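The structures come next, written out as structure tokens.
Shared between the two complexes below is chain A, which has chain B as its partner in the first and chain C in the second.
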Partner chain A sequence: MANAPPSNLLDESLGDTSGVGRMILVEDCVETSGAFVVHHLLKRALHPHSSDAVVFLSFSHPFSHYDRVLRKMGCNLSVQRDNKRLLFFDMLALDHLDRDRGKTSEDILIALYGEVQKAVEVSRSYETRHHITVVIDDVSLMEVDANGSSDLVLDFLRYCCSLTAQFGCSLIALNHGDVYSIVDQPNLLLQLEYLADIVIKIEPLATGLAKDVHGQLTVTNRNLRVDSGKSRSRVHNFQFRIKDNSVEYFYPGSKT
Partner chain B sequence: MAEWICRTLRDGGLEGEHAPALTINDSITCSLGSFVFDHILSQLSSFIDSEKSQSSGIVLVAFSRSPLYYEQLLKSKGYNVSSSTWFKVLDCYTDPLGWKSKLLNSGRIANDSLGSSVTVKLCKNVKDLDELLSLVLHRGKELSVDGKGRFMIAIDSVSEMLRHASVSSVASILSELRSHGQVSSLFWLVHSDLHETRATAALEYISSMKATLVVQPVDGLRGNSASLSLMENNLKRGKFSVHVKRRNGRVRTMVEELYVENSTVNFTPFSTEDEVISQSLVPKVQFNLQLSEKERNDRAKVVLPFEHQGNGKNIQIYDGRKSLNESKGDSEQTCFEKEDSGRGEIIYFRDSDDEMPDSDEDPDDDLDI
Partner chain C sequence: MVMAANKPRSGSFSRNFGAASSSVPSIPGLKHGPNGTMLLSSGIPDLDKILGGGLALGSLVMVMEDPEAPHHMLLLRNFMSQGLVHHQPLIYASPATDPRGFLGTLPNPMVSKDDKSRVHETEQEKGLRIAWQYKKYIGEHSSESHRDGKSEYCNDFDLRKPLERHFFSWKQIDCVSLKESADLAAFHERCSSFLSQANQNNGNITGGRIAIQSLCSPQCEYSNREWEMLSFIRSLKSVVRLSNAVAVVTFSPSLVSTTFSIRLQHLADTLVSVKAIPDEDKELAKLLTGYKDMVGLLSVHKVARFNTQVPTILETTTFSMKLQKRRSLVLECINQAPVDGATGSSYASSGSCSGSSKTGSFDF
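Entry: the complex of A and B
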């Protein structure tokens, strides 16, 4: 990740992701899906110049879906999986983690956490792998998977966050903002926002649909670490347009 | 004022009284509470390091950040805590529910290094608050040689405690710590928007000071770019308001401005920027809505056309018929005007003798329209 030069506004707003691990929360809503941000971050982590590895927990799509999407973006996930740079956990596969043997959701999540930590440890054992990114797509479906226990999901995410301190991993989690709008406290989304170092919010334009602007991104970089040298909390706001195999980012008003 | 809080926490409570306790409240719109927590922690560390404090050490209960983070924080302030005897951490961050030890026992994960050299004690079941309490007190007793010295307690997220336990049990463990003879003072951070009002109120009752971080109100900003700069502003600045409950029940309120720069917190006296705001609130138009200083002075000099000017002179009622007799006086008046050209005057001729001098009455009042 460190070697790839910033290529667009999203990369610039995220800043230098090398070094100490961070948690990035991607928050989208039903009108504008944030999947493209996850794809972008995945591609960035698997960039040929970097030496990073990715642990991907998918609750929403099977591997073949991501494979097709990323192939269009010029990144071959199957090859990366064979190289062991990508460890893909398909949580939709029913037999995973022996969930049919009358286990509680907690047991399943503990076992899943064990798998994640083991994967991180295995990846670290390679000399060339410096940085590991854990991606969760998406948190709300994980909550469904845990029989609606948001506390349990939060425990799991907290454990994943403790990996960022222990091994310097990064954590990327996608969540939907609008599924919590009427739920009372405690609010999982708010808890996640407290956990996150960077929040990427994807919203439709306030003025409604436009032909060549598909929505806007707000990147809030809270940067809470002490050792980050110059701690610059920054907020970036820009718009995007999703094309067939890439996404265009631009500042509001700069599109003719 | 933040200094004042730190001094109060440093001095601790009197014999036979509850220890002073500080609640730091923040919310997601102004989430600078962790900076304030770090600031107070490092201030108190400096007091203890230089042995200015009543207590012999700090027990930090780490829920939301790793012990390594705090070690680096204090190291950056110049305290080498890894070899110090006054800083103990109870780690509720790394393995709060015992998942890792469970997995470790079943041999599914291996590495358990923490990377921190501070003497850390792991708490593996934060749901059991009695155990947590005894662990905290045990850590505190390790701080002094004879096990009888007093110590401070810092809890970096009561929100996390409240997630695992009920309000009443959290309140009971906190007040138990407060009333413990060896605890000199304690402070904690809570994200108030994660909890119901009753939880924050309960915490407020068992603390003697409450510091709330709120967004600094800025008016007169509109539009997308303005809200963006406002958001960015809220990541760095906030209003730091403190309620202090005195022993006799009197409540004192103080307000300061808080500004975070390079991970350090600066406090400045609260300045109301009302004037600047009121200036910016006046809409921009092509003509002047406000008078300049000169215009205001000139307006004050204008003599209003009251025949009785209130300066002791007789009422001089001008009557067109008397013009010949008064010509002398008129010329005097013109002379007077010349010598004071800065004075304004409104000349008014009374219609007839029917009109009373200086009356506000409508001259056409009697018309029946």
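Entry: the complex of A and C
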């Protein structure tokens, strides 16, 4: 599997993603959105050199938004969708139809999982596809759709994780960290962090918003296999500046 | 272009963005924004400038209320009036028993003669307040605001005069009382049918407006069912996003749990909060120029980010709300008063557009 060589700090810290069955959790907050990480990972998964397919569950934006954003980054989602490399579920529109029919939120999520599973199985049937990435943007909206039942959402995500073992998928989920920061009882975010192999945390700078540094990023990469067979985690910390066609990553203080 | 448009009447450098206004209105009341969006006006010229031209069609704007002051009503009034002036369909919901009564308090646009004199006034005031070395930029600035008035994308409103009757005669104004409805599903139905009607307007894009006042107020029956409100906002957001309308929703964060409030803030495309300032706060009065005219503070937390991943970083996020001549609402950068005895330090009066109102003494 020929992934593009790591080109920036984020790619380096994520390491080699060709290994199957990983879950990446992206955590952001009101001040600094983490959508750009999702865009980056999406572009990476759809890179022409790789043979991956993507199943995208969008709860927050319509397809046209992602299409325009990714086009500026040099990735044509419409073409990828026609090639069946990208399967896009627009949950903004879909959700409506289902609610009208008086389904419970459990039914909706079960049906959704069915769709995802089917999509993954279909994608697997192509000889050329080796690896499937499931992207969820974002989990907190899924919780709203489930009427606040985080158990349902968690079940859904666990099922998706089980796909990773079965079919060699990876899972990318965006969630908002600050929503859960107040409650101290076990919550969805902790569960997600437990499930995830890589946690990417996006925060604003402590000094407030700035024009040339948009925020900072903490990547916790667990389960790095060391030769002795033990796993250990590694933490990377750097800052970023978002542009239309790319994102600049740099270590604190090293921006010229 | 966004950056240039971000500047409110700060009296500092501001580029003349002629490119933006050249593509203006084929459709009255709408203009093209960055990244293929269409914008409509918030009814407050300064707020439009701060947000980069206006509110993007399809966006959900949330206003966080001050629990003790009705400043959010000022924003709502101007937003609704502007819509009626442009003959855009409007739906207004509030927890009051008779929401239609609120229409009587909407402000009237200023007549153009008044408008001219107002521009002149601000110019004169500017001359007094702004450091002398920036004087040459003033002419440029006021001509820009004048041009805006001419294209009638955004009117100045006179808060003392009620909106003239002939604006109301235009068909689509719908008022809903949230107090009576037991759940939000019915109201959501009404919104979506409103939007689908507005969309079928002979294929023309008109831009509808939805204004919801005090969503979480305790008078409403559903106010303790947080998930229901969230799911209402979420589905409202999704129908608005696919239509040519803008929804402005105000809510009071102190009436709901923090988690819920943060969830609502995440749902918003554009997030603004208003705060009253205490009447007799001597320390603040000493720190800020024009403290007497201020009625409150407005902070911009988030600006809608459609079709792009780049966040809009404003030069400053907190602005003072002032009633100019007790009639029109203007937003200004907060200016710190010059420190007594600091003679000749031009920093003190000019370089003081700080984002925070709580900044202490100068440390130069």
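What we mean here is this: the second predicted complex is superposed on the first by the 237 of 256 C-alpha atoms of A that agree within 3 Å, B and C clash if a C-alpha of one lies under 4 Å from a C-alpha of the other, contacts with A are read in each partner's own complex, and residues count from 1 in each chain.
Note that in this section contacts are C-beta pairs under 8 Å (C-beta built on N, C-alpha and C of every residue); 3 or more make two chains touch, one makes a residue touch a chain.
Since the structure is predicted, the reported quantities are computational estimates derived from the model, not experimental observations.
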| item | value |
| --- | --- |
| Chain C versus chain B on the shared chain A, clash or fit after superposition | fit |
| Chain B versus chain C as contact partner of A:Leu190, first or second or both or neither | first |
| Contacts of A:Thr220 with chain B and chain C, given as first, second, both or neither | first |
| Contacts of A:Val235 with chain B and chain C, given as first, second, both or neither | first |
| Which of chain B and chain C A:Ala165 touches, first, second, both or neither | first |
| Vertex chain A angle, Cα centres of chain C and chain B, expressed to the nearest 10 degrees | 110 |
| Per-pair minimum CA distance [chain C against chain B, superposed on A] in Å | 18 |
| Chain C - residues contacting chain A, complex | 35-36, 226-227, 230-231, 234-235, 238-239, 241-242, 258-259, 262-263, 265-267, 271, 301-302, 305-311, 313-314, 317, 355 |
| Chain B partner contacts - residues on chain A that touch it in the complex | 110-111, 113-115, 117-118, 121, 124, 151, 154-155, 158-159, 162, 165-166, 185-187, 190-191, 193-194, 206, 218, 220, 222, 224-228, 230-231, 233-235, 237, 252 |
| Contacting residues of chain B [partner chain A, same complex] | 28, 31, 34, 38, 64-66, 68-69, 72-73, 76, 93-97, 99-100, 102-103, 106, 108-111, 113-115, 159, 163, 191, 193-196, 224, 228, 231-232, 235-236, 260, 262-263 |
| For the chain A and chain C complex, residues of the former touching the latter | 30-33, 35-36, 39, 61-62, 64-65, 68-69, 72, 92-93, 95-96, 99, 140-141, 144-145, 147-148, 176, 178-180, 182-183, 208-211, 214, 242-244 |
